[in-house]
Amino acid sequence: MARPCTHISRVYPDRVEVRGRDLAGDLMGRLSFTEYFHLLLTGREPTEEQRFFLDLLLVAIAEHGMMPSNVAARMTLAADPGSLQGAVAAGILGAGPVVLGTSEECARLLEEARESGGDVDDIARRIHAAGAKVPGFGHPVHRPLDPRAERILELADARGVSGPHVELARRLRHAVAEVWGKPLTMNVAMPIAAVMLDLGFSSDAVKAVPILARTAGLLAHLVEEREQPIGFLLARAAEEAVEPE
Amino acid sequence: MARPCTHISRVYPDRVEVRGRDLAGDLMGRLSFTEYFHLLLTGREPTEEQRFFLDLLLVAIAEHGMMPSNVAARMTLAADPGSLQGAVAAGILGAGPVVLGTSEECARLLEEARESGGDVDDIARRIHAAGAKVPGFGHPVHRPLDPRAERILELADARGVSGPHVELARRLRHAVAEVWGKPLTMNVAMPIAAVMLDLGFSSDAVKAVPILARTAGLLAHLVEEREQPIGFLLARAAEEAVEPE
Amino acid sequence: MARPCTHISRVYPDRVEVRGRDLAGDLMGRLSFTEYFHLLLTGREPTEEQRFFLDLLLVAIAEHGMMPSNVAARMTLAADPGSLQGAVAAGILGAGPVVLGTSEECARLLEEARESGGDVDDIARRIHAAGAKVPGFGHPVHRPLDPRAERILELADARGVSGPHVELARRLRHAVAEVWGKPLTMNVAMPIAAVMLDLGFSSDAVKAVPILARTAGLLAHLVEEREQPIGFLLARAAEEAVEPE
Amino acid sequence: MARPCTHISRVYPDRVEVRGRDLAGDLMGRLSFTEYFHLLLTGREPTEEQRFFLDLLLVAIAEHGMMPSNVAARMTLAADPGSLQGAVAAGILGAGPVVLGTSEECARLLEEARESGGDVDDIARRIHAAGAKVPGFGHPVHRPLDPRAERILELADARGVSGPHVELARRLRHAVAEVWGKPLTMNVAMPIAAVMLDLGFSSDAVKAVPILARTAGLLAHLVEEREQPIGFLLARAAEEAVEPE
């Protein structure tokens, strides 16, 4: 059997080594959690711009009202109050392609667009013809603009980080408006994907940002739930909305 | 039915408000993810010391070799490669009282010690008499000291953050050595709990730190798993270690 | 390292052996799923009474309206439609001690009562004095009786299966009414625990019944959700019940 | 907002109604768990043949050695011993398209084959040309035949249940052998899908069978884990197989 290997960390009786560095003697107290997350994910400490934008994207997507995943997590904690981890897991499971995991689909779309020479009009037309949705466009509340998406684009331009993927995202916005016959909100998932790709992250890593970020938001809801439980009230409101016929 | 309420965030068509602040117009680009996590959890932006120690504790506990939760998560991703969130959930479910969630037990113990007037000898004796383990003591690899625990205590002293809970943790270490007849490693869970309580966090929030931190470590393992899959090899190694009856 | 072992099954190129029997050549087509579940759990094929009551208890607890766990699972499927397993996991995580896992607490209580000589009055008084709830008593909808609980007791009596644990459950009902000054509904969790213990199951296995049963109910809700999605409507009803202040 | 509705069950103070029937007064004690599962899923009580095959398929897929999902679940229980539900959830999350959820992919493939007029050669060629795997073919241990798959086909023929989907599955086996230039093991997932479709289940419901079945297997492993813990030994064996460089 092939010998499986990992490059992330190893543990000795008196030392923990992460990405070749001494955790207690070097990293702890020197790196912020965001810098450490970058090191963990990529093996490299971030540049100042990478650090800034990783913080920015994590802050952008961590919390957004009483999302379905927050509701599911609070109900789960109400039913199993001792298990913070069970409630977080229940909430994280909602990070699928529809709501929170869309940035992965956006990254794949941007990569496909780039490989195919950037013909975003063709991509938009094909998706429209298939009756499908374009990842990263449309939002149930934010119209005409998603303020988080605009702020990310603005800062990426201002700090010179916008590259080919941000440009493709913008051109896709125009193509989508053209093909759909009306502008659709570019939601926060698209600039997250575009900026991460322009910063050099692989598309395999893009979804790590919304998942880590949303875990922070879930934990805030669950600590509030412990102090002021509403999980069963939420469940009852949902139940009462149902017509059991 | 009572009207459930939340104080964390609310969403408008053109604005997201978190803890009363404008997410896109104020927080994004200004706060680091760690500062934002503090704001989400407590409703307050952290002081510089709170920020420093929240970063420190998150870095201390995020990653520690090929932990059982990393193994479980990698196996899960191998079986369901499209679902990063499913694999993260499977890993987070291992954050129970035995391995990763111990800091919550430590916090409850320190609070109990404090309320009962600080008689740590009595507490150690009672736990020993019951044949139980003291939360936060003992480690399968780190002996005689857990370097992460020592580094946290050192920095807490150096920056004047050590308060009554850090003191109780230290006294408990002596009491445990006395009662057990030999020193036991104080592991990283105990200083995490002690420093968080000394910084003013409620014990309900203590476990939020290891859960968020370990999510970062899990994501690093899962991105590595996507690039270089070993999940099934790990499963086979585990399976081959088993003697079926 | 000690050699870990298991007694459940082993796999050969041309044969699967479960509990020492040939899966394809013997068990498949001969055993019902319930009989097989008994064999898997205990290593023994059930007697006719064990089979009857295992079926009865599984049917009793599998489904009970739009429970919080069903709501959480449907929201999760709406967010991640491809992952039936993720949605089932989110729902199962709600099987904690408050709602669905109570039968484990009931089993521990009945064992404790039995070991202490059956003084249920003393047990009821101690729980009442501690301001706690008695596992297995009280229900938000079923009053004065839980029809499922009564049916289980009736059949256990009729078929001569009621033993010391069913008797203790009944005596506990009287003790609770006495101590609380009014009858409390004995809910379905208590007879499930009592009958399983009287059938010879260990208390470690009691919760396996509600978990397996509820998985069936969750799957029914999730297949319905695929055909007729309401997950986001439920989430919105919950969200709209919240006053974000 | 549209009024969401469900047709599965509703709860009254003195009655639980499931699919229009009285749970305590009618179903409990009359239906086996398998019959009830059919009723829950489809709204109809099964015919004798439907019952027989639902039992057969559930038994076929419930347990298969120390699978990755069993390993992951046992590690999770070791880390969080109180939470049987958390460990089951961690195990179920492994029911993705690669290992355990393949029957859903098989069902989609059979439906596609049927709609396209049954040209299985063309389907096999297209999959082969794309360098992909055919769902339901290949097995790491069972060669040349999966005994569970053969037993299902045998009983389906013997009892006259084999219909167009079983026929397509068989023709696909030949086409695959032709196109790949050697026979590939038809694994248990394919006859599960074929028989369920021939029995009248929708493809949306096919995966409910392996998920429910495997939950039973997981529960057996977890009850054994409680009695005789090996979760950490499995984790250590996996960890020691890794070269952390």
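Things to note:
Letters A, B, C and D mark the chains in the order given here, with residues in each chain numbered from 1 onward.
In the analysis below, contacts are C-beta pairs under 8 Å (C-beta built on N, C-alpha and C of every residue); 3 or more make two chains touch, one makes a residue touch a chain.
Nothing here was measured: the structure is a model prediction, and the numbers come from that model.
Just to note, of A-C and A-D, the chains joined by more C-beta pairs in contact are A-C.
Placing every chain at the mean of its C-alpha atoms, the farthest one from chain D is found to be B.
At the interface between chain A and chain B, two copies of one sequence, more than half of the residue numbers in use appear on both sides, so the contact is built from largely the same positions.
Separating the CA-averaged centres of chain A and chain D is a span of 31 Å. Inter-chain spacing, taken between the CA centroids of chain A and chain B, is 22 Å.
Per-chain Cα centroids separate chain A from chain C by 37 Å. Shown for chain C are the residues in touch with two or more other chains, namely 1, 4-10, 65-66, 80, 82-83, 85-86, 89-90, 93-96, 101, 230, 233-234, 237, 241-242, 244. Chain-to-chain contact here is organised exhaustively, every possible pair of chains being in touch. By the touch rule above, chain A contacts chain B in their complex via residues 1-2, 4-16, 18, 23-25, 27-29, 31-34, 36-37, 40-41, 52, 54-56, 58-60, 62-66, 83-86, 88-90, 92-96, 101, 104, 141-143, 145, 147-148, 150-152, 155, 202, 204-205, 207-208, 211-213, 215-217, 219-224, 226-228, 230, 233-234, 236-237.
The touching residues of chain C, when paired with chain A in their complex, are 65-69, 71-72, 75-76, 78-83, 86-87, 89-90, 93-101, 230-235, 237-242, 244. Against chain B, in their complex, chain C makes its touches with residues 1, 3-10, 80, 82-83, 85-86, 89, 241-245.
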